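What follows is a pair of complexes built around chain A, which joins chain B in one and chain C in the other.
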Partner chain A sequence: MKPVVTGVGFITPIGNDRASVELSLREGRHGIERVEFLGNPDLPVKVAGTVKGFQVESPRWRDWTWPSGVDIPKDVIRGLAPHGVYAICAVEQALAQAGLKASELAGDPSTGLYCASAGSAMLLHHNVAQMRAARGARGNPLGVVSSIAGTLNFNLGAHYGITGSVCGFVSACASSSHALGYAIDDLRLGRLSRAIVIGAEELNADSLLPFAHMRALSGRADPRIASCPFDVRRDGFVGAGGAVALVIEAPSAAARRGARPLAEASGWGQAADGYSIAASHPEGAGLRLAMERALADAGLGPGDIDYVSAHATSTPIGDAAEALAIARLFGSRGLRPLVGATKGLTGHSLSVSGVMQAGFCVLSFSGGFMPGNPHLGVAAKECEGLELPRDTVARAPARILSNSSGFGGSNVCHVFAAPGQFTG
Partner chain B sequence: MTDPLTARLKQLIVETLRLEGITPEEIPDDEPLVGGGLSLDSIDALELVVRLEKEFGIKIASSEEARRALASVAALAAYIRERGDPSRLPS
Partner chain C sequence: MSPVPDPALPIPALAGFPPEVREAFQRYRTQGDTKAAEEVVLAAAVDYRPASAGSAPAVTDETRLLEDLGYDSVAVAELAFFLEDVFDMTISNEDVLAVRTIADLRGCVMRKLAGKTGAA
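Presenting the complex of A and B:
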């Protein structure tokens, strides 16, 4: 049995609904803009992939605003982190597309929730500072559940009344791909018939600047080229916020409801580098094995893949490792699938990355296109043998391999198939 | 005539808790702040306490004390007059 995707919701730097995200992907419109953090114009972080239409910069929820149409009651919002607001907006879109009412999830033991976020460094800092100011005598009663990693599962699980399973994943930028993978497994094992998979991250000084101190971020100020995966000039990733939600279901469950499958989650695989806390294995050894395992799980070979949705974040080491891994897997067999890195447009929204790419794959199938690499000038030498279109290719892919890599050498890959091309 | 401290407190309550659909003048002097018509609970009360401490230089040490202080706007005004920094009281 292979689960199918029946709903997708987007709150991203390139759009807050499916139509605008698709337009941005088709036309190569980026969502990166100039930013200044902590009132310090001298910081080497000049741009970010910002989420538009929300005001969630303050640590006080009463200051927050979000697009109209989504009702978040007071007793819910005060347990949320800023990225939890993105998450609920994305889940609502995904449920609507899947034709599900929130009330249908509540108390249903066959529905599970699989979440990914890094928590909220901003709220954690704010709450701890308040507690220390009171010399430990007082603290925000919702401080823990709103700020630690797990805040999404705590809050969304309670808000939607999820009873099948509620869990969270913390493998950094591979987290939401892990969330999706284990959701797929629980469906395949017959434990559940439906899962909501969600990744969300906020974008603020506390979430992003620590990455500058790891020298992981681009120092460029031009939003048009700061994020340029696979380019010789790439100098680090551009941070981003957002949330993407997926509804996946057992095909029989989707069919019973008359829900239209948008894509098949054909298989997934993971492997680790065993190499460094933060840097990728120089030849992408773990990523290559993860890609092979995903293909094997899907019952496919490299020749069945039309498009690789690359993790490539525009870091010198990470992109090189991924390029080499893709080239070895496909190039060694004389294959040249198209490879696209959408982080050139979105920036890198950390744990959201995997489900964001999965959501883009769904749009690629329905819209008949494959996103290119619009900020690519001169490809790095490691990309030799890779087919890296600059512009979006107006052709429908049948099957996509989508990559994710996170700190600690986590690599998680998924294979998705278009309707009519299902492998299950 | 409204007492300036009472008026300031009502304004602070509306501002801090972003109350919608109610003006400061509409908050009664003697109604319980928590569990009353404003639909505030103990988590709202905590936010209010943090703000009041900053504004008036008071220290509301325990939740027992907070309950007493926030019994009503009138009780709060009396509490602040008794313990607050006189230079910070509105005139």
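Presenting the complex of A and C:
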């Protein structure tokens, strides 16, 4: 049995609904803007993939606003971090597309929730500072559940009344790919018939600047080229925020409801680099093994893949490692699937990354296109043998391989198949 | 004795409350108007009531937080923290356990405010 995707929801720098995200992907429109953090124009972080239509910069929930039409009761929002607001908006879209009411999830022991986020550094800092100012005498009772990694599962699990399983994943930028993978496994093992998978991150000084101190961010000020995966000029990633939610179901459960499968989660694999706390293995050894395992799990070979949705974040080391891993897996067999890195448009929203790419794959299947690499000027030498179209290719892929890599050498790879091409 | 607060300072914790509640708090801060402080306590008790508990009954002195307003233990902790933060006071677990009704809550806060200013 292979689970199917029946709903997707997007709150991303390139759009807050499926139609605008698809348009951005088709036309190569980025969602990166000039930003200034902490009132310091001298910081080497000039641009970011911003989320539009929300005001969640304040540590106080009473100051927050979000797009109209999404009902978040006051006693729910009090426990949320800013990225939890994004998450609920994304889940509502995904449920609507899947034809599910929130009330159908509540108390259903066959529905699970799989979450990925790094937590809220901003709220953690604010709450701890407030506690210290009172010399430990008092603090926000919801400080823990609103700020630590796990805030998404605590809040969304309670809000939606999820009873099948509620869990969270923290493997940095591979987190939501892990969340999706383990959700797929629980469906395949027959433990559940439906899962909500969600990745969300906020974008603010506290979430992003620590990556500048690792010297992982682009220092460029031009939003049109700052994020340029696989390019010789790439100098680090561009931070981003947002949330993407998926509804996945056992095919029989989807059929019973009359829900239309948008894609099949054909297989997944993971492997680790065993190499560095932060840097990728120079030849992408773990990622290559993860891709091979995903293909094996799907019962497919490299020749069955039309498009690779690359993790490539525009860092010098990470992109080179991924390019070499892809080239070795496909190029050594004389294969040249198209390779696209959508972070050129979105920036890198960390934990959201894997599930965002999964959502983009669903759009590629339904819309019949494959996103290109619109900020690519001159491809780096490690990309030799890779087919890196600059513009979006107006052709429907049958099967996509989607990569994620996170700190500590976590690599997760998923294979998705278009309707009519299912492997299960 | 607490220093006299600057009435011009914003009150972040009260952002989002109706203007009359913020004005009541200012009257308490600047003039020591205890009736105004009571208005803030009542507004907070209504505000922190879980929405999932359904529509609120008319609130009187005898209205009970748990049974009538649908408060749970988390919402009680939030209300206590809010009042501690706004009025710069400490509400102990024993204090919280002794509060059953709106009148109990108001009495608890007002006794502490009176103790703070040395007026009682």
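Going forward, the second predicted complex is superposed on the first by the 424 of 424 C-alpha atoms of A that agree within 3 Å, B and C clash if a C-alpha of one lies under 4 Å from a C-alpha of the other, contacts with A are read in each partner's own complex, and residues count from 1 in each chain.
Heads up, the rule we're going with is that contacts are C-beta pairs under 8 Å (C-beta built on N, C-alpha and C of every residue); 3 or more make two chains touch, one makes a residue touch a chain.
Fair warning: this is a prediction, and the values are worked out from it, not measured in the lab.
Trainee: Taking the superposition as given, does A:213 touch the first partner, chain B, the second, chain C, both, or neither?
Mentor: Neither chain B nor chain C is touched by A:213.
Trainee: More residues of chain A are touched by which partner: chain B or chain C?
Mentor: After superposing on chain A, more of chain A is contacted by C.
Trainee: Between chain B (first) and chain C (second), which does A:381 come into contact with in this model arrangement: first, second, both, or neither?
Mentor: It touches nothing on chain B or chain C.
Trainee: Based on the superposed arrangement, let me know which partner A:141 touches: chain B (first), chain C (second), both, or neither?
Mentor: Touch status of A:141: both partners.
Trainee: Would you check which partner chain A:73 touches, where first means chain B only, second means chain C only, and both and neither mean what they say?
Mentor: In the superposition, A:73 touches chain C alone.
Trainee: Quick check on the output: what are the common chain A residues between the chain B footprint and the chain C footprint?
Mentor: 62, 78, 130, 137-138, 140-142.
Trainee: Please output the residues of chain A touching chain C within their complex, sorted ascending.
Mentor: Touching chain C from chain A are residues 60, 62-63, 73-76, 78, 130, 137-142.
Trainee: Looking at the complex, which residues from chain A come into contact with chain B?
Mentor: Its residues touching chain B are 62, 78, 130, 137-138, 140-142.
Trainee: Across the complex, what residues on chain B touch chain A?
Mentor: 16-18, 42-43, 46-47, 49-50, 61-62
Trainee: Spell out the residues on chain C that touch chain A in their complex, using ranges where they run on.
Mentor: Against chain A, the touching part of chain C is residues 12-13, 15-17, 47-52, 74-75, 77-78, 80-81, 84-85, 90.
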